[in-house]
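The structures considered in this document are given below.
Okay, so chain A shows up in both of these, paired with chain B first and chain C after.
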Partner chain A sequence: MLKRVQTIALLFVLAAAGCVQEEPVTTPLVLLRSASEFTADGSVVAPGGSLRFGLSVSGGGGAITNLVVRRISDGVAVTEADKGMYISYGGLDTILTYTRGYGQVEQWVFSVMNSYRDTASVSLTVLKGAGSAWGEIDYHPSIRIGLQDNVNLPHFADLHSGMAWDDAGVSGYEAEVDMSAFWYITSGKSSPTLTCPAYSSALTYYPLFGTWSVRNQTMYDYYTSDNDLITPAQFDLADNDSLLVNAYRPGSVSGQSKYAYTGKVVPFRTADGKYGLIKVIYADETAEGGMEIAVKIQK
Partner chain B sequence: MRLKGLIIPAIFFLTFAAGVSAQGTVRGRVTGGPEGRPLQNVAVIIDGTRGVTTGSDGVFLIDRMPAGTHSVEVRILGYTTLTESVEVTDGTTVTVDFALEEEYIDAGEVVVTANRGASRIADVPARVTLISSASIESRPVSSVDEILLTVPGLNISRSFGIFSHKSSVTMRGLSGNEQARVLVMIDGVPVNKSDGGSVNWNLLDPAMVDRIEVVKGPASSMYGSNAMGGAVNIITRRPEEALTGRVTAGYGTYNTLFGRVSLGQRMNPGTEKGFYYLLNGFYRQSDGYITQSEYDRAANPYIVPSDMQEYSGSLKAGYSIRKGEFIEADFIAYNDRRGTGELVWQEHGNTTDHDTWQFRTRYSLERDRLSADVSFYWLKEDYKKVNEYMKDDYTWYNVLSERVDAGVLSSVTRKAGARHSISAGIDLRAGSVDAADVYYTSTDIVYNRGRILNTGFYAQDAITLLQDRLTVTAGVRYDLSMFRDGAFFIDTPSAETVFMRDIEDRDMDNVTWGALSPKLAVNYTPSPGTRIYVSAGRGFRPSVLDDLCRSGRIRGGFKLANPQATPEYLVNLEAGGDFTLGGRLRASLSAWYSVGKDFLYYVNTGDSIDMGYGLRPILVRTNIPLVEITGVEAEISYPVTPALMVGAAWGYSYSVISDYRPLDAADPIDLTGNHLTDVPSSTLSITARWKNRFVNTGVMVRYQGAMWANDLNIFDEVIGSDRYPAYVTADLMLSRVFLERISVDLGIQNILDTKFYDSKGAVCPGRFMTLGLGYRF
Partner chain C sequence: MKKVFAILMLLPLMAAMITGCEKEPEDLSITLGAQSNPTVPGFYSVAQNKTYTMSQAADNPGVIDILCFYEAETGNNIALASPGSGIRDIFTGDDMPDNWTIKNTTYFLQTTLTADQFDSVQDGDALIETSFDSENARKKAKDVQVGQVWAFRTEDGTYGLLHATAVEQGINGTVTFLVRTK
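Up next is the complex of A and B:
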């Protein structure tokens, strides 16, 4: 009798155990790639030196929805990137490039979140090397582009090379285009505006972007521009990429920069991670007008 | 003596036997209206002396009819009276059926909303509109609020037809985007949510509605807050027959499918006592259409049609204890999902989702000199809004909001002496919100929560004088409103929300307000069909929870929570009259002047905030000193024949901010002299309904005047003007009943395919057609 009871009890326990639904693994995972091309934990890099991080991310049970990059330098944390995304299959492999700052010790923290709001982080430390390693820059003293209804000037500019193309000539060079410009009235104010192919609202003025397979995203620091934190004189004096890197405030950036009036200086970062400055030499305030800019960009 | 004693009964017996031997039976069925519905309680009168009434199936039976020719007359209020001659022969049954046509009558329409008890409209010293079931059935409406489009002075904001997840009904010059100023009730219980004052107008299927009563002007002396601008009471159907049911299915524009089913029963039909129940269910889905403006379509590659899916079930059950006394309970469960026209990664894209449960119980007593009504209600809405969009990068967050409203409403009316009718009551209402914006593409969660409690006491005396021709109504209500447990805070903020860190408040101050809502009105009826009235009253409304405890993005800037805002008031002076000309043409006219004091309005604080795309102004809903509204309404109706009714309704209002004071002296914005937004300057509707043997027809043509587009009354970039343009729409309803049980309905809304736009330049669905097939059993 006792044996029968034990057997039944055992079966019951086994059945109960079998009924326990296994919780899905939802925690994402982020790994730093360790190939020699990437900056390693404990590396010594002089200010201005290039940092290159390789990340491999999996979302666990959910889609990868967020990647945050933080630089903690001498106890001060700056969010260098906070990017929303939706990668439901296959994970994310990405390479991120930054420039070493002035702090004695820089800790870089990479955090990811998935669609269940589960998070994971990984970090590494970069020590300060001697001297400086600020890099060379390219300077394009005059790029003339047309606003949306201008039929004489080109509309699409490559900030790296200083080239610009019109609607017909851009064919084959779409992947090179970093910038366009348009004019509109917003909040009751006239606004010559910088934009980029990936910014969704740019389609209103340049529907051609919708047909491109590569649409670069240039991020403009509108806060520095709106508040005139960099003057044209400072722009003119820049002979390495120190000002270009340090002027850029990653917490106030967008794919379009309004109120790009004559005399404004707008820090930017291109899709391939190059920092730069745009000085607006002149900007018309009509849709048929044009804009002349000078550009300094990391080589 | 003995013989005599036998002869007399024998004579009686023979006489009786002779009578019996020459008897027959008359039976028949009485139906009414174009659908041929069986009519219950119809008086069937033989030769003007003897009578029976029909049962719930419309059938009557009269036996022991002496042989010979007889007249059979059938009559019931609201239908034509018919008389037929029948020849009864011995031992046979004669069948005679009657199909009655509806007849226009003016028996003095009775409403229950104005005085929280039954009153004739002609005796109510206010402008009250009753929309009957006949009127509802003659219009191709897709939602309950659209039924109100013919009421002068009402402003219905439903930009996207059945695809609108949000709609509002306001009246008499109050902004069309502020539902909280008009109290909306279903069967007498409020359905404005304390969170935002909004009403889910999709909750009920129009087929469930029996009638709607609209009380215009402040009704706060009876109902307290929300009734500042008026009250709308939607009264749902009740079963009247032994067992009845209906199944309907249909198809419409944009691949719209719908179905509804109802089943009702009254256990002891024709008696004053017994159980009854009514079950309703409906389902609707549609592929939808692209609502966005041309501007947005060009800018956004993720635009998709705004689709919809909704379903609902309800049960109403009650017990009639005796005549004039019943207890009733009902339950409604509703779920919808409506797309808002953008899809990036989520399965259905940007959507709104309501899961709503409403429970109500009611006890009602009506005796000769006493009536009493007590209701308990509980309304819970789980609201979810999925937001996803691609700008610089992908953003996805869900707004999750739990809104609960509950209360007890009570009223007692007693006739005191020959002249006084005294009403009094106590209402307890409580509402709460517990909401969070949960981000999935960043770490942020933004919380807001709060509760509002309201206690109201009212008393009213209606004094009749001059042989009931003059009624003086004086009433007053005091409301105490309490805001409690308010909080607004953020967990793990990123750049998406970190700018709100400075305005977090996890423990907002408790605030209590009191408001007095008096009313004095006089109604004079010099002759039947004619009356005039004047009234003065004040209504109030405290802030909604959303303005008290939630800060966040709004169109044009950033809204700051303001628990310190005091209630707003509306003082209303009104005069009007009803007239009957030629015995048939009914006309009514009202004019009013309202003064809004401490009006709740968005005001620029003078500060600005960077929400991640540059500086935007910070606004706060606070009190501005003075708003003035003036208006006129007129309505006529004329029964050309009992089957053909035509009518017209016109409303005009002029709403202006008379005094505006900026919060910041340096703020250059001065709205003094500006018009309120989202208020049509005038509306005109012309309606006709014709019931006949072939195709019942209903037509409505409606004009809506221009509306100011923004507070500054300046040019709006999206709509290309300072005003939304005026427009004209026309609706048509055709219906026919076959074989007494099968109905076919064709509804066409917006026949002219007029395109009109909402405040974001989004476009309406245009012409919208549905074809429904129904079966009644």
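Up next is the complex of A and C:
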């Protein structure tokens, strides 16, 4: 009887072991689009010139989970973007815009990962053109917004146009909103804070964001702000987008920027790829207070 | 008795092992025959993923997007086109596409995608559409060669990629390909 039981058990083990499912072999694919509107490999672009990359990505059998963009300028690599995502169907088709820096040779590397942690990448080189091609900027000398409990000032600002809307008036303009501000105590310090609709903790202060179908993600360079690398005087002198682009350090950015005190200058990049600077003209340090900022942004 | 018991135990287990194992992936290739191929249908519906003979296609012209033909003199060799592409003097008889009341036009563009890259593409991927360039697309995929990947767009706006995996030249020839669509 014991032998019979052992035999049956052995047969069950064999049956189970015979059909072990292997993890599928997947190969994601990332391609650079080649239409004339996109920057091609070997292009010559002057510093300040616009770079436009069209990426088409397939998960290769797995969901696309990550896209990383690196700029290697004269051998120095900077991660311009590192985006988590989960795209299980339809792949990814996206257009990325950046600005040519000062390096002699810029290599751009676009890497993707899928849900099986298989990766693929594609790269191109952009050579340095003569002269410069720094672009025009828009200047909004005064945008006044309220902090979270302010009932008199608008809360939702469009950094491109300088417009701001209150809770009632923002309907229909949600896709234009780049910035809001709130105040709180963090690490024992009072902090007027810049945020954006896509930043998850912004919902604590602006639950309305949770109902929006478009929630823009503005990335603020907190390092430059925290360390006062750009002064208000430099902000005032900027008459093209050179400072706006070069001040922004993509390695130290977040969807919120703390300690936006009076006199701070905060580089940012909007969801549509525009670089800019925010100068904090004044910032109250109460939840009912307000903030006045000046903005310079790429046209 | 023991033997009977053992056989009775073994049989269901064997059955479970066989049916439980993952099946080999199906061969989803499509093969189209050129105009005089007597056995392989030469017309294809992308939406239905189905091949038709010319007489069957003549009865269902609205669903036909792609056809195969061979023409050596012009260098077309084994080529793909569509009923609306204006191919003349290739097909004959009452059922030939010239006589159809509906002639869908499909446009083709040879891509630089490799076979491996094609294998990474999944149905529905945006890349299928962006691989197509309407400015440079043509009404024929001329001289289709093994390994080539062609982008296409059908009359009803379906985008596709087509990877040629086998080609046999001649009026009795064939082309075999895999398709991804969006």
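Criterion: the second predicted complex is superposed on the first by the 274 of 299 C-alpha atoms of A that agree within 3 Å, B and C clash if a C-alpha of one lies under 4 Å from a C-alpha of the other, contacts with A are read in each partner's own complex, and residues count from 1 in each chain.
Here is the rule we go by: a residue touches a chain if its C-beta (ideal position, glycine included) is under 8 Å from a C-beta of that chain, and two chains touch if they have at least 3 such contacts.
Please read all numbers here as calculations on a predicted model, not as lab measurements.
Undergrad: Of the partners chain B and chain C, which touch A:M113 in the superposed model: first, second, both, neither?
TA: The first partner, chain B, only.
Undergrad: Could you say whether A:W183 touches chain B, chain C, both of them, or neither, answering first, second, both or neither?
TA: neither
Undergrad: A:S201 contacts which: chain B (first), chain C (second), both, neither?
TA: The first partner, chain B, only.
Undergrad: So, A:N66: does it touch chain B (first), chain C (second), both, or neither?
TA: After superposing on A, A:N66 lies in contact with chain B but is clear of chain C.
Undergrad: On the A-aligned overlay, A:Y223 touches which partner chain: chain B = first, chain C = second, or both, or neither?
TA: In the superposed model, A:Y223 contacts chain B only, not chain C.
Undergrad: Based on the superposed arrangement, let me know which partner A:S56 touches: chain B (first), chain C (second), both, or neither?
TA: second
Undergrad: Across the two complexes, what residues of chain A are contacted by chain B and by chain C?
TA: none
Undergrad: Please give the residue numbers of chain A that touch chain B in the complex, ascending.
TA: For this pair, the touching residues of chain A are 63, 65-66, 68, 79, 82-86, 88, 113, 115, 117, 119, 185, 188, 198-204, 207, 210, 217, 219, 222-223, 226, 251-255, 258.
Undergrad: With touch defined as at the start, can you tell me which chain A residues reach chain C in the complex?
TA: Residues 4, 7-8, 11-12, 14-15, 18-19, 21, 26-29, 31, 33, 35, 54, 56-61, 89-93, 120.
Undergrad: Residues of chain B touching chain A in their complex?
TA: Spelled out, the residues of chain B in touch with chain A are 295, 298-302, 344-345, 389-396, 438, 440-443, 494-495, 610, 612-615, 714, 717.
Undergrad: With touch defined as at the start, can you tell me which chain C residues reach chain A in the complex?
TA: 5-6, 9-10, 13, 16-17, 20-22, 113, 116-117, 119-122, 124-127, 129-131, 133, 182
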